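See the structures that follow.
Across the two complexes that follow, subunit A remains constant while its partner is subunit B and subsequently subunit C.
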Partner chain A sequence: MLLSVENLEVKYGNIQPLHGISFHVNEGEIVTLIGANGAGKTTSLYSICRLAPPEAPRVIAGDIKFRGESILKTRPSDVVKKLKMALVPEGRHIFGNLTVMENLELATYSRERDADLKTEYQRIFDLFPRLHERRKQRSESLSGGEQQMLAVGRAMMTGCNFLLLDEPSMGLAPRLKYDLFRTLKKLNEEGMTILLVEQNAHLALHLAHRGYVLDTGKLAAAGSSKDLLGNPDVKKAYLGG
Partner chain B sequence: MLATIIQNLINALQWGSFYALIALGYTLVYGVLTLINFAHGDIFMVGAYIAFFVATFFLTTAELPGWAALALTIPLTMILTSMVGVALERVAYRPLRRKGANRLYVVITALMCGLILENANLALLGASRKAFPPMITEHVYNIGGVIFTDLKIAVIVTTILAFFVLHKIVTKTRVGMAMRAISYDKFAVPLMGIPMDNIIVITFVLGSGMAGLAGIMFAMSYPILEPYMGALIGWKAFIAAVVGGIGDIRGAFLGGFLLGAVEILVVAFFPSTFRDLIAFTVLLVILAFRPTGLFGVAKTTKI
Partner chain C sequence: MLRRYSIQLILIACGGLLTYVAYEELLSLYTLSVLMFMGVNIILSSSLNLVNGNMGEFSCGHAGFMCVGAYVSSVLGVWLFTKDKVFGVPLLDPEWAIYAFPFIILVGGVAAAFAGLLVAIPSYKTRGDYLAIITIAANYIVISAIENLGVIGGSRGFMGMKQVISAMEDVVYLPWMPIWVFVFTIFCVWAIRRYVSSTFGKGVNAICQDEVAAEIMSVNTNKIKTVTFMVSSGLAGIGGGLFAYIIGYVNPGSFNILKSTEVMVMVYLGGMASLSGSVLSAILFTLLLEALRPLQIIKWIVVPLLLIIVMQFRPEGIMGNRELSDIFPWLKRFYRFK
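Here is the complex of A and B:
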């Protein structure tokens, strides 16, 4: 087991968005967390990434383990540097005042200087040719779809082998959505473990191996994507009948 | 006529150098933390005092020749002043940041830190002024009616060099890139594997180092030190940074020289008591027309 979240309860001030949820991700898997707004999906990702206050939810019970060891004391930058997990946050959060290339370069901050970065930049540009065309532009001038590509490319440049994505399809035109999900599938086939948070449950379950359904901070259902897609309750609540 | 213009230009550049160097520290910290570090003027004062003690030690205790003392005093003062800036960050600002304190409290804390530095100085060293020991003999030159000293030229050249080094760091290195990234989106920086606190510490090192450099050169040019020497010049440098467009180092640098030039020009034509009145009126007019400063583009880019 690569990552396991065990009976996690967290609080932001007096609000408790997670009431003891458990899930795990194995190496090489695509796992998805689905559920309505406020179900605790983003909170789960922020907890795993150990974001610093005031963004970080405070863990009051339970544990998060990486390869069996608790990571509750790990610094957020070490989640990237040592555990090789990278988050593509909701809303992209690219650095608009830097060029596309600078965004990608910055993501290599914690890596060895002698790493073979050239091939990796090339790999990003092969996956997202638009980024190559625009590599010298300030990234705030990119379209929404291009910004999402940059956010994914940037996360990959951290040298991660575990990608966490928060609503990557939000605001994308349908074609771009499918392109992005095809890219995620390809990355997974090349060995990338993926934890995907999505509101578009259909799309997510068709990509993922397994899924968890969250409902107001609790686990409502879990299982293989196939089972969840066939589950009448899940169908009714999250897949539009 | 030409001689008068050049004379005033040299004076303006020299006087503006101090504002420019101090303004850089304001703008760096603001860019990274959106914090107006009101203690920064007093860090400049501490820099001048550190230079005083370091120079005195090298000249009298170690009995080094003046040039050697100067060569050692400059880097040592910059390092020690940086440490004061970093200590302030550790003790005062970081705990507030950890707790997610409102910006108002952080600014008040900065003001208090400045007062503490001034009054600690007063308590430890007394109210008497200190005379800065001369390390080098100044030479006065007169070329075609323009009178200047080698020290004046050295101040201007050093300031410009320091700016270019800083500019290189901010635009070309990964640390500089991280500083600019923080100013745009603080949330995403740790997600890139960048330890935020390290970048903040480096920012304080750079900003306070510049203030330390300004401190030595100021003490050499006007060799009387007193605990409140940083207050007014700090406020003025802050205004220079805002007029230049706070958050942008080019703005701070040019804003500093602009303020220096305005002050020198006023004194050239009016009684010197008019200096601050007219200088600040001019700056007010500039801000009325460009509220984000000369280089400021509202909220899109900082540093």
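Here is the complex of A and C:
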């Protein structure tokens, strides 16, 4: 098991968005967390990434383990550097007044100096040819879809082998959505483990191997994507009948 | 070869010229002190720009750190090298002052850097306006602490630094103050330039842009904030130490929020995150204040008015976020910023 979340309860001030949820991700899997607004999907990702306050939710019970070891005391920078997990946050959070290339370069901030960065940049430009076209452009002038590509590319440049994606399809045109999900599938086939948080449950379950359904901070259902797609309750609540 | 070292050569020439002019007393004492204040202001504005411009936090208590530096280096100098009413006979032979002086100033800087922790540690959890309030509080903590320390004069102030300088002049007669102000100004600007153009410095810029994004790009934000606040306040402490020795007298009142505001005006006038802008605006601002001296108290109406006009018509400051070498590309032949 690469990552396991055990009975996690967290709080933001007095609000408790998670009431003891458990899930796990195996190496090489695509796992998705689906659920309505306020179900605790983003909070789960933020807790895993150990983001520093004030963004960080405070863990009050339960544990998050990476390869069997608790990471509750790990610094956010070490989550990226040592555990090689990278978050693609909701709303992209790209560095708007830097160029596309500079954004990618910044992601190599704590990489080894002798890392073979050239082939990695090339790999990202192969995955997202549009980024190559626009590599000298200020990234705030990119379209939403391109910004999302940049956010994914930038996360990959940290040298991670575990991607956490928060609502990557938000605000994208349907075709771009499919393109992005196809790219994610390709990445996974090359060995990337992916934890995907999505509102678009249909799309997410078609991509993922397994899924978890969250409902107001509790686990409502879990299982393989096929089971969840066939589950009448899930169908009714999240897949539109 | 010559081109490569041209900046160094120009600086050495300037330093030599300044020393010569001061030694031969070709400039009046007044002009010389304006030049020295210019140096101190360059240190202050470029060090504050590190926090306000490059890191994007809003610190408005810079004078507090300046105050720590000023008092620590003054007290240390007077205690070690002069006969003082409070501290008694000099601990060391006053002749040594000539070697110890730069270290005294640096110790003041180090003390101010640790005072910077007063702001750095709260900054882990606090941002924006709330951090600005903390910086004001830090400024007041420093001032009130010193006002209530009777040993070093309290609110009456502390003096005796001129004797340290004259002890230095007794050994070798040179205009020591202009020389050291010049050297420390160059040192500070150089240090800041190296700092912001390093990989570590890229992390500072990343925090400015988007702290969450910086964090998920493996930037250790707490560490960078601590170091940046400490560097910034440490350099302010060096500026404060020099300030104290130029005037020969310090009192806590001269490091209040007005002084902090003055430094902030210089930063905003020069342009956020632009080191050459800070240097330029510190020079201009010092000259402006001197030029407006005949207006006396009305000066403090004219200067804020100027700030309003600048914000109205050129809110990004003189340089925006560009460096001098971005505006005049031929300068890049002589030095590179990145």
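Keep this in mind: the second predicted complex is superposed on the first by the 241 of 241 C-alpha atoms of A that agree within 3 Å, B and C clash if a C-alpha of one lies under 4 Å from a C-alpha of the other, contacts with A are read in each partner's own complex, and residues count from 1 in each chain.
To be clear about the criterion, a residue touches a chain if its C-beta (ideal position, glycine included) is under 8 Å from a C-beta of that chain, and two chains touch if they have at least 3 such contacts.
Just so you know, these numbers come straight off a predicted model, no measurement behind them.
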| item | value |
| --- | --- |
| Three-chain arrangement built on subunit A, subunit B and subunit C clash or fit | clash |
| Partner chain(s) touched by A:97 [first = subunit B, second = subunit C, both, neither] | both |
| Which of subunit B and subunit C A:140 touches, first, second, both or neither | first |
| Subunit B versus subunit C as contact partner of A:178, first or second or both or neither | neither |
| Contacts of A:75 with subunit B and subunit C, given as first, second, both or neither | both |
| Which of subunit B and subunit C A:51 touches, first, second, both or neither | both |
| Doubly contacted subunit A residues - partners subunit C and subunit B | 49, 51-55, 75-78, 80-81, 86-87, 89, 93-98, 106-107, 109-110, 154-155, 158 |
| Contacting residues of subunit A [partner subunit B, same complex] | 49, 51-55, 75-78, 80-81, 86-87, 89, 93-98, 102, 105-111, 140, 154-155, 158 |
| Subunit C residues touching subunit A - in the complex, by the definition given at the top | 124-125, 127, 199, 202-203, 206, 209-210, 212-213, 215-223 |
| List of subunit B residues in touch with subunit A within their complex | 98-100, 174, 177-178, 180-181, 183-185, 187-188, 190-196, 300-302 |
| Residues of subunit A touching subunit C in the complex | 49, 51-55, 75-78, 80-81, 86-87, 89, 93-98, 106-107, 109-110, 154-155, 158 |
